[in-house]
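Have a look at the structure below, then the notes.
Chains here go by letter, A, B, C and D, matching the order in which they are written, and residues are numbered from 1 within each.
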Amino acid sequence: MSASGTVGKVKSAAEVVQGIPSGAHIALGGFAIARNVIAVVHELIRQQKRDLTISQGVVGLDTDLLVGAGLVKHLIMGGGSLDRFGPVPCVNRARETKSLVCEDYTSLSMCFRYLAGALGLSFIPIKSLIASEVLERLEAGAGAGDVQRMKCPFTGEEYVALRALTPDVSLVHVQVADREGNCQIDGPRWENEEQAKAGRRLIVVAEEIVSTEYIQRSPERTIIPGHRVEAVIHQPFGAVPTAVFRRYDYDAEHLRLYVEHAQEPKRYQEYLKKFVFDCRDHSEYLEKLGGAKRMEQLKADPVLGY
Amino acid sequence: MSASGTVGKVKSAAEVVQGIPSGAHIALGGFAIARNVIAVVHELIRQQKRDLTISQGVVGLDTDLLVGAGLVKHLIMGGGSLDRFGPVPCVNRARETKSLVCEDYTSLSMCFRYLAGALGLSFIPIKSLIASEVLERLEAGAGAGDVQRMKCPFTGEEYVALRALTPDVSLVHVQVADREGNCQIDGPRWENEEQAKAGRRLIVVAEEIVSTEYIQRSPERTIIPGHRVEAVIHQPFGAVPTAVFRRYDYDAEHLRLYVEHAQEPKRYQEYLKKFVFDCRDHSEYLEKLGGAKRMEQLKADPVLGY
Amino acid sequence: MSSMQVSEGTKGKELVPGIRATEIMAAAGARELRDGEVVIVGLGLPEVATVLAKRTHAPRLAALLEVGVMNSVPKDTPVGLADSRIFYRATCWSGFLDVMGMNLHRGVVDAGFLGALELDRFGNINTTLLKQESGKVRYINGSAGGNDVASLAKRVMVIMRHEKRKLPLAVAHLTSPGFVGGRSRQELGLRGGGPWRVITDMAVLGFDSVTHSAALVSLHPGIRLEELIENTGFPLHIPKEVPATPLPTAEELRLLREEIDPKRVYLR
Amino acid sequence: MSSMQVSEGTKGKELVPGIRATEIMAAAGARELRDGEVVIVGLGLPEVATVLAKRTHAPRLAALLEVGVMNSVPKDTPVGLADSRIFYRATCWSGFLDVMGMNLHRGVVDAGFLGALELDRFGNINTTLLKQESGKVRYINGSAGGNDVASLAKRVMVIMRHEKRKLPLAVAHLTSPGFVGGRSRQELGLRGGGPWRVITDMAVLGFDSVTHSAALVSLHPGIRLEELIENTGFPLHIPKEVPATPLPTAEELRLLREEIDPKRVYLR
C-alpha cells in the first residue's frame, strides 16, 4: 500500500524490504554511529537486494554493512566514519579495490542536494567545493552529470550548481512516531529533514509508537509529517549497536568487534553469518548481543540521554 | 553594541530603534494579525524613521501602521490582509495613490528570497510566478533587478531566479527568549526562521525572558540561536492588538477601531496621535487599551492557546 | 488569507427547499477530494468541504495550511489563517518552507482550494485588485499563497460566488495562472495541473481538455441554464445533457449542520 | 568526524618540564579566538581550546557543531560528533542546514577548527586518502564538513601533529582548499578567508600575506628551529626574530587540568 492507502502503515522490516527493489537508490538517515537503520540494513542483506545506490551525509555502520555485504554499486556521500572506532572499513576497502563507484561530496553539499530534492528544485547553487580536488574528481568521474559551474544571474558570482537528490527510498530512524507516521526526533537532526523529504518514498523506523494525541501535544516537534510516510517499522533497539539519543548508547563492545571483523573480508563473512544471516529477525540479533540484559545496560539515563 | 558585544542584549524598544537609521530595509516577522512587532513599529513612528524599505511574507497591521504613518517608500511583500477585519487599508490606499513603490510576490517566493538570504546564496530558483502578471509586473517595475528567467543547468527546465533578500534589520516577535537571544516560538512559524536569519542584524521582541537553563531543557525548540541576535526587547503584550499564540488573543475590538480610522487619512491621524504619538512607550499604549484589566481579558486559555 | 476566504453573498439562499447553496457547494467540494490525498486548504467553505470529506469517504486526507499547520481540529471558528483558533490539535506546526516548499513545490500536493475576486474563462485568477468602471484601481490583497498553489498543485479548486462581474472574459489582473491564453500547462512551463473545478452557488464548472476554456460540469438543482449563462461573463461549453449537481446526502447534511458548522459561520 | 578528530601521538610529551605539548597547543588555540565570535568546532583539542577560551577571555563565544548542536556543555567525554555525550546542555539542536547552511554558508562563522591527514605549504588540507610509497591508495574519511569550513569560514585553524610526512610540499588529495597554487582566496572564488593558523606540537604556523605560503609564527619552547625545519616537508618563511609560543598561564593550566580535561582524554 502506498502512503495514500487506507491500510495501516505499521509494518515489519521484512515486509518493507520486500517492497524495495534491487537497484534502488536508498538514502540513509544515520550519521556515523548514531541512529542507523540497522534493522532495515540487516533485512536488505538477508533479502540480498543488490546493485543499490546509497546516499548519506556522513556514512557510518549502516552503509559499511551494506557495502561489506557486496550489495552497493554506487555510493554518494559527504564523508564517512565510525567516530573513535575508526574509518569505515568495508567502504574504504571497496574503494581501494575499485569494487564500487563513489561520489565524494561534503556535509553541506550533500545537505543542499537533499534540500533541493525536498523543495522540488532540480538544482541548487553552493559556494563549497570550488578550487578543490573534490570538485575535480566529481567532474571527471561519476559526478560529472551532477555538478556544473555556473554564475549568479544577478551578481555574476561563481557557484557550483548541484543536481537535486531524489532517492527512491529514504530511511530514517526516529525516537517516536504515531501509526500515521508523524515523527519526532530528539537531539540534533543533521540532514534528516531534508534527506527524508527528498525521498520519493519515505520509510521510518521508530523506537516507540505513540498515539496521535501524544504528537498533538507538541506539534512543533513533528519533523516528518505522517502524510509523507509510506510505512512505519516499529523496532525497539532497532539501531543497536549505534546510539539513539535518550533511548540507548552505542554498544562500544560490539562496535569494536565489528571493526575487528571488518578489517578482513573472510572474518567479515563470519560476522555477517552470525549476526545477520543466522538471525531470522532483529529480535534474534538482539538476543545474540546479550538480549534484554544487554539492552538494559545500553539504555540511556533519562537526564543525560545516553 | 553588536551581537558580539559583552554588554547585555536586553534593551528597550526606544534604544533599539535609535540604532535603526532612516532608509533601512526592515523585514517584519508578523503575519496578518499574528505576532506583529507592534511595540517596535510604534517606536519607529514616534522616532519618525523615514524612507524605509519593508519586506514581509504577508503584511498585516504592523506594515499598515508604518505605511499609514508615511514612513515607507518601498514595500516588498507576498500578500496582505487583516484576516476577517479586511484588507490592509493604508497599504492599499498608498498603492492606489502611488505614494509608495511596491513589489508584489507570493508567500513562497518571499520565503525563498529569505531562505536564499539566510543560506548566503545570492539567488534561488522557483517554479511559481511563471506565466503570471505578478512576474510581468516585477520585470517591468521595481522588481526588474530581482527576478530573472533562467534554465536548470541539468534538466533545461525553466525557472525564475529570485535575488536573495538580506534585510538590514530583521524583527521577530517570539514567546520566549533568554538574555542571550535564544528564541523559542509556539505554534506555526510561517517564514520566521528564514526571515530572521536572512537579516544582517536581528532584533527580537520577547513576551517573556527565560533563563538559559529553560532553553537548555528543550533545545530542539530553539528556532533562533542567541549568537545571531543583536538585541532582545522584553515587552509583555508587545504585539497587542495582534495575537500571540498561547499568550493572548487578537483584540477584535481594537482591530475594528483601527480599520474604522484607517479608512480615512484624517481619522487615521487621530488614531496615530492617540495610540502612538501621545504614548511615551508601550505601557502607556496598553493603558489606553484598557490596561491590566483588558490584558487579562485577552490572555490565552492555557489549553486552547487563545 | 483573502485568496482563500469565505465566499460571501450566498447568505441563507436555498436552492431547493431546505437545502442551502452553501451546503451544496460544501458537498460538491468534498466529493472532489479522494482519500489519502494531500490538500492545501483555506478557511471558509474549503475548510468545511475538507472536514466533510474527512468525516465521510476520505478519513486519511492530509489538510495543510500554508502558515505551517497540518490536520488541525479547531474547536472554535477561526477568522483567518493567522488566527490561533486554526492551530488547535494540529499534528504538525512548521512553516511556509515546509508546507509551500517541501510539500507544494515538491509536487506532493494533490489539490489546492483557492478563492477569487475574479476568475476568467481559462481559470486565471485575480486576487490582487479590482478595476472600477472609471478606470480607477482598487487594491485588495495580492497573491499570498494563491499563485504558488495555482502554479504547483496537481488540481486547483475554486469556490466562489457566481456573478457576471466576478467571472469576466479576462481577469483585470492575472495573479494566479490557469490555462493562460488557452495554452496547456506544459506549454506555459507550469508543473501543476491547473484549474480543475470551479464550485459556485449555481454550478460546478470544469475546463475543456482541448480548448482549456470553461465548461459546465453540473448545474445545481433549482438553477436554470439561462440564469447561469446570464450570470457568467464568458462563454461556457455546455454539454448536450446537463447533469444536476448531486444534493448532499442526509448524512452529509447532518454532519454539516450538527458537527462541522453548527453555528453556520460559513454555511450561511 | 575524522576531519576534526583529536591529534594523536603527542601522548604525554613535555616540551618544558611540567608542561605538555598538548597543553601549549590548547592554549595557543584558545588565544586565537576572540570574545563574541562564532566558531565551528570539532572534538579533541579544538573543543578543549574553545572551552578554555570560553572560561577565560571569551565567555560569549558561540561554539557550533556541524550536526546541529550549539554551546553544549558535555559532562562526559564524547567519542565523536555522533556521540550523544556532545549533545548535553546545548542551547540549540538543529541540523546541518542551520549550522553549515544558515551560519557557515551565510558567512557568520568567524573561525573553524579542522584536523588534517596532510597539510601543504599553501594550507591545502587532505582528509580523504593517503598514498603509500608503493603508489597504493588508502582511503580514510573524506571531507565531511572539512571542505565547507575551509571554503567558507573567515579564519581556518588546523591543529595537528608536526611530522614531515603530514606536512608535504603538496597534499596527496586536495580535499579542502587553502591558498591553492599560492593564489588569493578572491582569485580562487572562495568566500572564506582561508587558513590562518596551523597549531602543531612544535610551532604555530601562519601564511605570508603576499606569497600565501606557510610562515613560522612562533616556536614552542623546547623546540629548536633546526628540528622544526627538519620535520617540515615544505619550505617555511622564517622571521628574523623567532618568537616563542607563550606558555599557558598558571590559571590556564589549572583550568585545563582540573576542569576541562581532568581525565586527560585529549591532553595526553
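Methods note: a residue touches a chain if its C-beta (ideal position, glycine included) is under 8 Å from a C-beta of that chain, and two chains touch if they have at least 3 such contacts.
The structure presented is a predicted model; accordingly, all values stated were derived computationally and were not measured.
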Contacts common to chain B and chain C (chain labels): A
Selected interface, A-D versus B-D, where C-beta contact pairs are more numerous: A-D
Chain A and chain B: spacing of chain centres that average the CA atoms, whole Å: 38
Distance between the centres, which are taken as Cα means, of chain D and chain C, whole angstrom: 58
Rounded Å distance between chain A and chain D, as computed from the means of their C-alpha atoms: 29
Multi-chain contact residues (two or more partners), chain C: 90, 93-94, 97, 101, 105, 152, 191
For chain A, residues that touch 2 or more chains besides their own: 120-121, 126-127, 157, 187, 189, 220
Pairs of chains, among all present, that meet the touch criterion: A-B, A-C, A-D, B-C, B-D
Residues of chain A that touch chain C when the two form their complex: 2-6, 118-121, 178, 180, 182, 197, 212, 215-216, 219-220, 222, 225-228
Residues of chain D that touch chain A when the two form their complex: 1-3, 5, 65-69, 75-76, 79-85, 87-88, 90, 93-97, 100-101, 104-105, 128, 136-148, 151-152, 173-177, 180, 188-191
Chain A contact footprint on chain C (complex, rising order): 35-38, 59-60, 62, 70, 89-94, 97-98, 101-103, 105-108, 152, 191
Residues on chain A engaged by chain D in the complex (per definition of touch): 31-34, 57-58, 60, 77-81, 83-85, 87, 91-92, 95-96, 104-109, 111-112, 115, 126-134, 157-158, 187-194, 242-243, 245-246, 249-250, 300, 304-306
In the complex, chain A residues that touch chain B: 120-127, 145-146, 148, 150, 152-155, 157, 159, 161, 163, 185-187, 189, 220-221
